[in-house]
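Okay, so chain A shows up in both of these, paired with chain B first and chain C after.
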Partner chain A sequence: MSDAMQFYLSTLLIYLFIDVMGVLGLNLQFGVAGIINFAYIVFVAVGAYTAAVVSLGPDFPGNFQHYLFGASWPFPLPILAAGAASGVLSLVVGLISLRRLRSDYQAMVMLVLSLIATLTATNATGLVNGPAGLANVPQPLFDQLGLPPLEYQWVYAIWAGLLTALTFLFVRGITNSPLGRTLRAMRDNDRAAAALGKNITALRLLIFVVGGVIAGISGAVFVEFIQAWSPGSWLYPETFVFLAAIIVGGSANNWGAVVGALLVPVGFLEATRFLPQDFNLFGRHVVLFSGLVDALQWVAVGLLILVFLWFRPQGLFPERPGRFTPRAAIASAGKGE
Partner chain B sequence: MAATPDPLLTVSDVRRDFGGVRAVDGATFTALRGRITGLIGPNGAGKSTLMGVVAGAIKPSAGRIEYDGADVTGLPPHRIARRGMVRTFQLSAEFARLTVLENLLVAAPAQRGESLWGAELGRLYWGAGEDVLVGQARAVLDRFSMAPKEDELAGNLSGGQKRLLEIMRALMARPKMLLLDEPFAGVNPTLAREIERYLMDLRDEGLSMVMVEHELSVVERVCDPVVVMAQGRVIAEGAMADVRTRQEVLDAYLIG
Partner chain C sequence: MSQLVPAIGFGLITASILAIAAVGFTLQFSVTNILNLAYGDVMTASAFAAYIANHAGVDIWLSLLMAALFGAVFSMLLNRFVYFQFVRRGTRLFGMIIVTIAMSLIIQNVLLAVFRPTFFSYEVSASASYTFAGMILTGSQLAIMGIAVVAMVSVHLLSTRTRLGKAMRATATNPGLARSCGVATDRVIDVAWLLSGALCGIAGVVLVLNTATFSEVTGANFLVPIIAAAVLGGIGQPYGAMLGAVTIGLASEVAASVINPSYKDVVAFAILIVVLLVRPQGILSEVASGKEVAA
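Let's turn to the complex of A and B:
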């Protein structure tokens, strides 16, 4: 395999792992617990920015970019810091918006939060270098490992895969447990769950923070790979790409989240890259104006959500209720007839 | 009657305003241990609002609610449920995308696997408790002749079965007092008679209940005492036979 192909494939693989992590976190919030978090990408972004500024080193006058709190923390501290920062922000946002508001209003608050966050990061240029964003984020252990770039990239893919596997196991620990069952009950009818003694506010906050930490870590793994991060990378529609992945893959199903990430952010958006910029149509030479393909990607994501909600709302891998009930229990079902 | 008269729930002068509307206007009544207390009255009398206030879902504007010897006024619903006062809803409130068995299991209090770390510790940590709960849930399902439905999605049950599910689910929460909001609404007569029998059996086992109901013949068979509400107030309290002859009760039902 040529080096170029290997670069391309390993890059795709890393993107896949990062997207799987992100989709797993949002699926926990949206699919399992029923929290409509339209600001999910903000928590990814906060993780990415945090990992960037704690590894870029102190800012100095005359630096080509400016940011708050520069430090040169060694691996793996930037990733941990990213998870912590997103977790704390989730707690603050959750305490404000999840306690009293009805879920449709919560969704609106989240959407507005996403817009405010982008505008702030863009315009408060001293914060994280404004619209230009941060660049030259060091890759973890790049100097220490001393590997050629291609080999380093495969090592990074393994590292991302490891984190993704850990995330998957952690999320599955929640979904295949009494806690996951209680969360799904809350999603289906929060008033009834409260009437049975479940502390709805605490459960919502818990899952909002857990999902936020996962989002932050995925952002950190992303920024340490591509080494740059700017407001253009996390506009609010990015959350809808994750939502589309959940709806296509199957809400409240962890394998559905994996397949959704493979099909939507990776497969679907990656495939459109190969659309020709000019082609012959009925003998006429057509040239697409630049940006048309990008714009069409959003149209396509929107259509994908619509088509699935219309024809297969449960997604490719539907939720499987009652799955973690002991096996012996399922075998003897119906004996009371 | 199974138990000696002994108040489990005391509602004193409870008021609830919604903007300018006073839905409950100084309601006072007691519900006795081991009895099914009927809460009746014409539409708009404030019965469901009062149930919501007692269960903690609606904050009272004024008044006091005492349950099992403690002041529970204004506590959030989950805290009231954990003390053993569990409500059902006027409209079906099943967990639609959970199986019938799961609906019951959710209701069990203090599960080891319900905290984040408990869940992550895995089945070794919470599996034994879960097996016990499955056993309890099966026993409840058997008793209500719903065992064949245990793997059915709750959302696919019939209207009557959903009412039954709600009662079963409430029982799994280990209640001392059930607050039933129209448990017979939309249930066919045969199943209604069955639910009626279940409720009386539960009462005879010592479970206390407050029941909002429109069907007066059921109330007459099941409830003692009966509390009559009209326009947000309690206008009569006592045995059904006694209450139904009173002029203010007749007026409330005829005039509304």
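Let's turn to the complex of A and C:
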């Protein structure tokens, strides 16, 4: 395999792992717990910015970019800091918006939050370097490992894969546990769950924070790979790419999330990124204006969501009905006839 | 102080545009209970409709009327052929939000693909500017305020003085009961979308008249203050939306002149958050809260 092809494939693989992580986090919030988080990408972004500023080193006068809280923490710390920062932000946002609002107001608040976060990051230039964003984020252990770039890329893919596998096991641990059942009960009928003594607000907050931490970590893994991050990378429609992945893959199904991430952000968006900008069609030379493919991609994402909601709202891999034996049945079986 | 007076003038204009948009947004929501997040994009589409008319030689004020018509028909068709179909298929409240956002993405990017990424502006004959108590306003800005006042009075008269308005309010409060009482709710819902779409179209054009240039995201960017105004006034309540529009309009323009123009929308958001924190029950105890979706 040529080096270029290897670069391409390893990059695609890393993107896939990161997208799977992101989709798993949102699926936990949206699919399993029924929390509407249209600002999910903000938590990814906060994780990415945090990982960037704690590994970029202290800011200095004359630096080409300016940011708050520069530090050069060693390898695993930036990722942990990213998870923590997104988790804390999730807690704050959750405390404000998840309390007693109707779900459509929550959706609205989240959407507005996403817009405002972009606006703030763009305009407050001292915060994370404004519209230009941060660049030259060091790759973790690049110097220590001393590998050639291509081999480093494969190592990074393994590392991202490892984190994704851990995330998958963690999320599956939640969804298969009694907590997962409680969450689904809350999603399907929150009043009934509350009547059975479940603390709905606390559960929502918990899952909101857990999902936020996952989002933050995925952002950190992403920024440490591509080494740059700017407001243009996390505009509010990006959340809908994740959401589309969940709707296509299958809401509340972890394997569905994996397949959705493979199909929508990776298969659909990354694969079309390399469409030719000019080609011959029926003997005529056609030149696409820059941005046309992007625009059509977003149209396609919108259509994909509509088509799936219409024809297959449960997604490719529907949620599996829970297998459980009611206690009454166990008790009566134990007693015999 | 010298900064404050012109800021209030700008605030009144923003409030006028916002009032038209927010009343349209909230009117449709109160009757149909669908949170239409594609509203901003219908605004942009209407602005483009006016742009086409305007550049074909039609006077801008006539183009405004055409945009209102376009917005009305577009909104109604959007409901008939997309939203209502999903509701009939059993898509729930939250699913509907995703549907409206998908439509928002589609409309916005079809506009981008058709009109290409650049900025557009109308051809408006330069008008004299007038000075009132330190506020300098152009002729078209005064016209915007006039349009807002006319629109608000019309909405008020329509909803209080006509059978249609009564039918709309009845449908908003309890669609099932309204139907039982002989209100043709389907037709009322169509009218609500038409009316909301017309206001949306007008808002789109006056927004562009005020900002001079627009692109495919202009309407979507304006959605934040619209939502803030609607929520501040208690979503689903036209008078609340008017009040909310004036508050948000004035607050954001004053803040823009005192702090930094780029934080205009942040002010709207801050107000939104404060309202949610201080009076969540005001938003919760809404007529619409227990209501099923009626497309």
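We adopt the following convention: the second predicted complex is superposed on the first by the 317 of 337 C-alpha atoms of A that agree within 3 Å, B and C clash if a C-alpha of one lies under 4 Å from a C-alpha of the other, contacts with A are read in each partner's own complex, and residues count from 1 in each chain.
The working rule: a contact is a pair of C-beta atoms (placed from the backbone, for glycine too) under 8 Å apart; a residue touches a chain by one contact, two chains touch by 3 or more.
Note that this is a predicted model, so its numbers are computed, not measured.
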- May I ask you to decide whether A:P313 touches chain B, chain C, both, or neither, giving the answer as first, second, both or neither? second
- After lining up the shared chain so the two structures overlap, which partner does A:L111 touch, if you call chain B first and chain C second: first, second, both or neither? second
- Which of the two partners, first being chain B and second being chain C, lies in contact with A:D59: first, second, both, or neither? neither
- For A:E270, select first, second, both or neither according to whether it touches chain B, chain C, the two together, or no partner. neither
- Task: Could you look at A:L243 and tell me whether it touches chain B, chain C, both or neither (first, second, both, neither)?
- Result: second
- Message: Going by the contact rule set out above, which residues of chain C touch chain A in the complex?
- Response: 35, 37, 82, 85-86, 89, 91, 93-95, 97-99, 101-106, 108-110, 112-113, 116-117, 221, 223-224, 227-228, 231, 235, 260, 262-263, 265-266, 269, 272-273, 276-277, 280-281, 283-284, 289
- Note on the structure: Seen from chain A, its contact residues with chain C in the complex are 34, 36, 38, 96-97, 99-105, 107-109, 111-113, 115-116, 119-120, 122-123, 237, 240, 243, 247, 289-292, 294-299, 301-303, 305-306, 309-310, 313
- Message: Going by the contact rule set out above, which residues of chain B touch chain A in the complex?
- Response: 55, 57, 76-78, 81-82, 86-89, 93-99, 101-103, 105-107, 109, 111-116, 118-120, 122, 126-127, 130-131, 134, 138, 141-142, 145, 147-148, 150-151, 153, 169-170, 173
- Query: Across the complex, what residues on chain A touch chain B?
  - Reply: 170, 173-174, 177-182, 184-185, 187-189, 191-200, 206, 210, 252, 319, 321-322, 325-326, 329-330, 333-337
